[in-house]
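One chain, chain A, links the two complexes that follow: it is found with chain B in the first and with chain C in the second.
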Partner chain A sequence: MARLNKQLLLRLAGVVAAVCYMSAHATEPLKIGVLAPITGATAADGARLLKAHQLAAREINAAGGIAGLDGAKVELLIADTQSKPEVGRHAAERLIARDEVSALLGAWASAVTMPSMQVAERYRTPFIVTSAVTDSITERNLQFVFRVSPKGSWAARDVGGFINYLRSKGAAIDKVALAYEDGPFGQAVSKGYKKGLPAQGIRIVGEETFRTGSPDMSTQAAKLKATGADLVLIVCYVDDEVVLLRALAAQRYKPMVLGYGGGHVHPTLLQLGPMVEGAFGIVEWMPDLKKAATEQFAKAYKAAYGEMPLSNAAQAYAATWAVALAADAARTRDPIKLRDSLRALRLDNGPASLLPNDALDFDAAGQNNVGNVISQVIGGRFVTIWPEAVASQPLRLTR
Partner chain B sequence: MSFEIFLQAIVGGLANAALYALIAVGLTLVFGVMRIINFAHGEFLMIAMYAGYFAWSLLGIDPIVAIALVTPVLMVLGALLYSSVMRFALRVPEINQMAATLGLSLLLQHLALVAFTGDNMLVTQARAIAGVELGPVVVQVNQLIACGISIVLLGALYVVLQRTDFGLIMRAVAQSRDGAALSGIDVTGVYKWAVAVGIGTLGVAGPLLVSLLYVNPHVGALFTLKAFVIVILGGLGSFTGALVGALVVGLAESIAGAWFSASIAAAVPFVILILILLTRPEGLMNRSVRA
Partner chain C sequence: MSNFRTATIVAGVLLVAFAAVSGDRYFMDIFIFTCFYGTLAVCWNMMAGLTGLMSLGHALFVGIGAYSVAWGLSVHGWSPLVTWPLGVGLAVAAAAAIGMLCFRYGLRGYFFAIATLAFGEVAFFTVSATEALGRSDGMIMPISAEDIPGQLQFFEKWPYALIIMTILIGTIAIGEALMKSRTGYYWRALRDNEQAAEALGVNARAFKLRCFMLSAGISALCGAFYANYVAFVDPRSVLGVELSIQMLVYSIVGGMSLLWGPLIGAAVLVPFSILLRDYSAIPGSDIVVYAVLLAVLALVLPQGIAGWFVARWQRRRLARRASRTAEVVS
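Here is the complex of A and B:
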């Protein structure tokens, strides 16, 4: 009796295993690991990133999956980094070793991204950095690391390029001053400006700092006015920018202003009305970029989530599509072959081409050669005005 | 640094000091009378700022006029604070008192986050960007208004505390709770009034501040820390101490900000605080308790 049972069990197990194998093989998905801060200090950003990753996966699957893999669906395995480097590293290890993902995407902040991508490098699995901007990420000769977002230092390059563009359009910009919040964010960006701008023939004549949450910036405004700068480069969060702009206005000093990052395309700023009309901002992506892929993405995102996407959502979306298209082109789930396919990828149309360069294309170091764009407040809205190739409206010079 | 910039820093510092003093007197009043440190003080300021904002955005009421509406509301909230939290906090050890008001502070911040979202809200009036030239110095019109109203209110509070029976009773309770009770003073009633007035001053500060700054659920925390430094510097529970402390912090911050980078300037009030605590632990304006 006991022997019979054992035999029966063995046979049953065999059948079950065979069925499982067959069904698993027929629909085996392309597994993509996503590292995102779902809890912790940057949880709000993580939620936005996930929305974009999931939108891309849904679109790919709804269109019949990955043709090169017999219609395999994309499966996102999402791991919470808790906005902490250690947790991110462990999550990357688990996704690769246990869940056997074909590629990893993530992981928001540079501090979390860098340890996580080193795990991927060691396990020979491609890692696409979606939004971290620390330059060195793609300067370490890593073989499995790719990045869709620009390097942080390229902001200074692009601001320089834009200032020279303004000059070519007849704007008299001789002197430039810096105003930034005296924390890691403001210090890092202004260091890039101070290093990069003089090389492009731009003279920085003054530099003012303030603490986040300062109730009064009249002294800083008076000092900026005293420099006589034609353009003030501002690096801070949106609440401080309100206080600074009001202080500048009270001094009857009306320079051109150019703010840095997402804080400068923030709806809060538009509440200031005519005062911010004409103000510039440098940002990695805008939902009104003049590209077919951008228009489609912005529409789909708005329809799915009821809000306009931010730049990091576009980057997450492009990265997800890039993995699926690379797997499709090489007909593979194998991480190493996928890496080779990513290297050869050049996407100048389709959903992954929504970023402001000609084509999503990783160079030998894995870096996507993509610049920043400049927005301007025109008619109470943020619109892209530079580079001209992707501008949705022409530049408006108010002075 | 030119002389004009130095003057600008002094004027900016004085304008800040007036507002700081207005925020700090409420804190010191409650502590002086009840011996409880209210860590949620900044959150009541935040509520007053939201009240000022909504009076302007929904009802079209100028923030200066809104003071007349917001102050009674804040006084009622103060009385509620006494009946709901502080009344019970009086009976427990100091560490529990701190935990209670600290918890209230976090609770109010998170409730505000739920109710108003984390976005900044702005009162945008034409005068928000107007400046008045005083010689080489430019003062923002709203700063000037805030400064003026603060000084008037501080003066009125001083008169009430020093010259009226109400002030006398309050000072009596502050000096000795038991003594006051033995003389037939209704101590509970005085406590309630002290908290109502202490929180009520924020009803004046809130609408003034929101027209200068912005309001979000965490804005109160920016001022809580400053108010503490001011109150400790001047001497806990001392009215004139809060005024002197506010002057020191406002001027030091502003002048240091004109000279050094912002991070160093932000540290200056704390350095002063440490120096004063080392030399005069009871604060600048409190009478020395040492022999």
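Here is the complex of A and C:
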């Protein structure tokens, strides 16, 4: 009798354990690691990225989780990189070894992204680069690295394409000049322009550099005027661009201008009023892109956080959705199968399709083939005017 | 073996620690970085604590080692058998050049520190602007899916741990041998009073240069290891002034008067700062706690953790000897 009871107890215990295991397994979330600078020099950017990641996770979970994984919820494991390469690398190490995440997203700056993604590559966990633009990230034949943002050098390609578009619309652009801040940022982008534009039949007639934070740029403005350029390509932070545009106006020199990235598409610039009206800017994404997914995202982001999202938020949002959809399609939490699923992914509708290309689609190198868009200041607002497929308003040629 | 007592103890402790963390990649990573920073601090302190040469640009040599490996592998596909000696050779040559300039013009104390800082910063900005070295973005090194022992590519972490342990034990052993040799006595003499030592016939310039070159060579070895382990180098991580400061902090906290003092500093601070960062609830709070700890340690243990232990131990031994003498007398 005692023996029977013991057996019975053992069996019961086994059943209970199995039930517990199964129920625990059924609700086990899809773990996604997020590397972002929460403290340190770029903490403000990190906070914006997190908002977008969290918005995507909330939307996925509110819609019943991931259907392919029996309604599993998305769980974001957020790690602070402190904007330091070594801290980011160790965080990736921890998220993979300790938390056993299925995928990693991040990690803002290129110098932090690269060591972190090397860890992911070694331990066979997919890593979606959300915002780093260094070309080589997707040129090293890495098997687990994907990128939703464009390569840095594609800015020159797209500016060239846009200039030729302007010409086709009747704008006489013969001579182009460069004005850029002399730090690594300005140097890297302007180098891309100097290499990429002549190949597309665009003549660069002059270049002026300045130290970021310069209070006066009348010398540079005078020299730019002397080149007689029809279009000035500007690469700098917003405060410098304000000073430069004022200096150009003071010289009574009114070329077309084309600014770069988030340093241009910045509310501060609009305070220049008529002086900045008509100015172009190249940027990776705009909240007014004519795409259904963009419109929905911008609305949801505004409703949740009370501000308009920037391009990096859109990329972070797309990356989070891409992982969830890839896990759903392949019904897996396994990092290697998830990688295979990401490779096969092609999203031409739904929330992940908010970037300016036709579909979120990673090529063999893991690169999403996405171009930049051109914005123009029309009526005191930044609006998308190129490529025509996603433009919210037509181009306005003032001259 | 008595000649290498410290090295033997360190090796024993390291083996125990290695056995304790093996099988867990996360703790293994912390262990590897503790050894890495420990080696750097020990070789930095050979100059600062034992010879009286305060360098604030030691990251320069780490960077030379790391960039030699990264550049050699990703551009030419060279094996570590080529790139490690290349990195160490270049670092020793750089130390010889900088040392000869500094010692020729008699730079001492703060002035030597500032000069090394300047050389380090020049290298930092030069590499940050050099296209062939990946500018400020850094260089990615290829990683293969399979282990390639000849390229020091392993999926598991224990081979890396063994390599850095070997470097660390070797550094301690060399330091210990030198400390007991004529060179070591000359170094300490130069630290305590350079003019007096020179008056007694010590060739100050030659012995300081020797110390500088040795320290630079070991730093480059660590840098080469770092490049192979992390498979990515960037100016901020391997050439930045932060790395030089870290060596100084671990040395001060551990105890600068002892060869192995800095190792204690690294062994306490490196795991502590990482674990604190990983398990603190509020982002950024770890930095505050770490800073407070540094301040407290500097106030309470000015001679460092190791220095405090040794002083206590010596006091106790003296007391015991005194009481024994007292017994005999009574």
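List of remarks:
Keep in mind that, in the parts below, the second predicted complex is superposed on the first by the 377 of 399 C-alpha atoms of A that agree within 3 Å, B and C clash if a C-alpha of one lies under 4 Å from a C-alpha of the other, contacts with A are read in each partner's own complex, and residues count from 1 in each chain.
Heads up, the rule we're going with is that a contact is a pair of C-beta atoms (placed from the backbone, for glycine too) under 8 Å apart; a residue touches a chain by one contact, two chains touch by 3 or more.
Being a predicted model, the structure only gives us computed values, none of them experimental.
The superposed arrangement places chain B and chain C next to each other on chain A without a clash. Look at A:S153: by the touch rule set out above, it reaches neither chain B nor chain C.
Once chain A of one complex is fitted onto chain A of the other, the partner contacts of A:N61 are absent, as it touches neither chain B nor chain C. In the superposition on chain A, contact of A:A249 is made with chain B only, not with chain C.
In the superposition on chain A, contact is made by A:L142 with chain C only, not with chain B.
Touch criterion met: A:M114 reaches chain C, while chain B stays clear of it.
Touch criterion met: A:D80 reaches chain C, while chain B stays clear of it. In the superposition on chain A, contact of A:N357 is made with neither chain B nor chain C.
In the superposition on chain A, A:N369 makes contact with neither chain B nor chain C.
After superposition on chain A, the vertex angle at the CA centre of chain A, spanning the CA centres of chain B and chain C, is 70 degrees to the nearest 10.
Aligning both complexes on chain A leaves chain B and chain C separated at their closest CA atoms by 13 Å.
Annotation: chain A has no residue touching chain B in one complex and chain C in the other. In the complex of the two chains, the chain C residues touching chain A come out as 24-26, 29, 33, 128-129, 134-138, 140-143, 145, 155, 230-232, 234, 236-237, 274, 277-278, 283-284, 287.
Looking at the complex, you find that chain A touches chain C at residues 38-39, 80, 82, 84-87, 89-91, 93-94, 97-98, 110-111, 114-115, 118, 121-124, 134, 136-137, 140-143, 184, 187-188. Of all residues in chain A, those touching chain B in their complex are 181-183, 209-211, 213-216, 218-220, 222-223, 226, 238-239, 242-243, 246-247, 249-252, 267-268, 271-273, 275. Touching chain A in their complex are the following residues of chain B: 2, 4-5, 8-9, 11-12, 15-16, 19, 119-122, 124, 128-131, 137-141, 143, 209, 212-214, 216, 219, 222, 254, 257-258, 261-263, 265-266.
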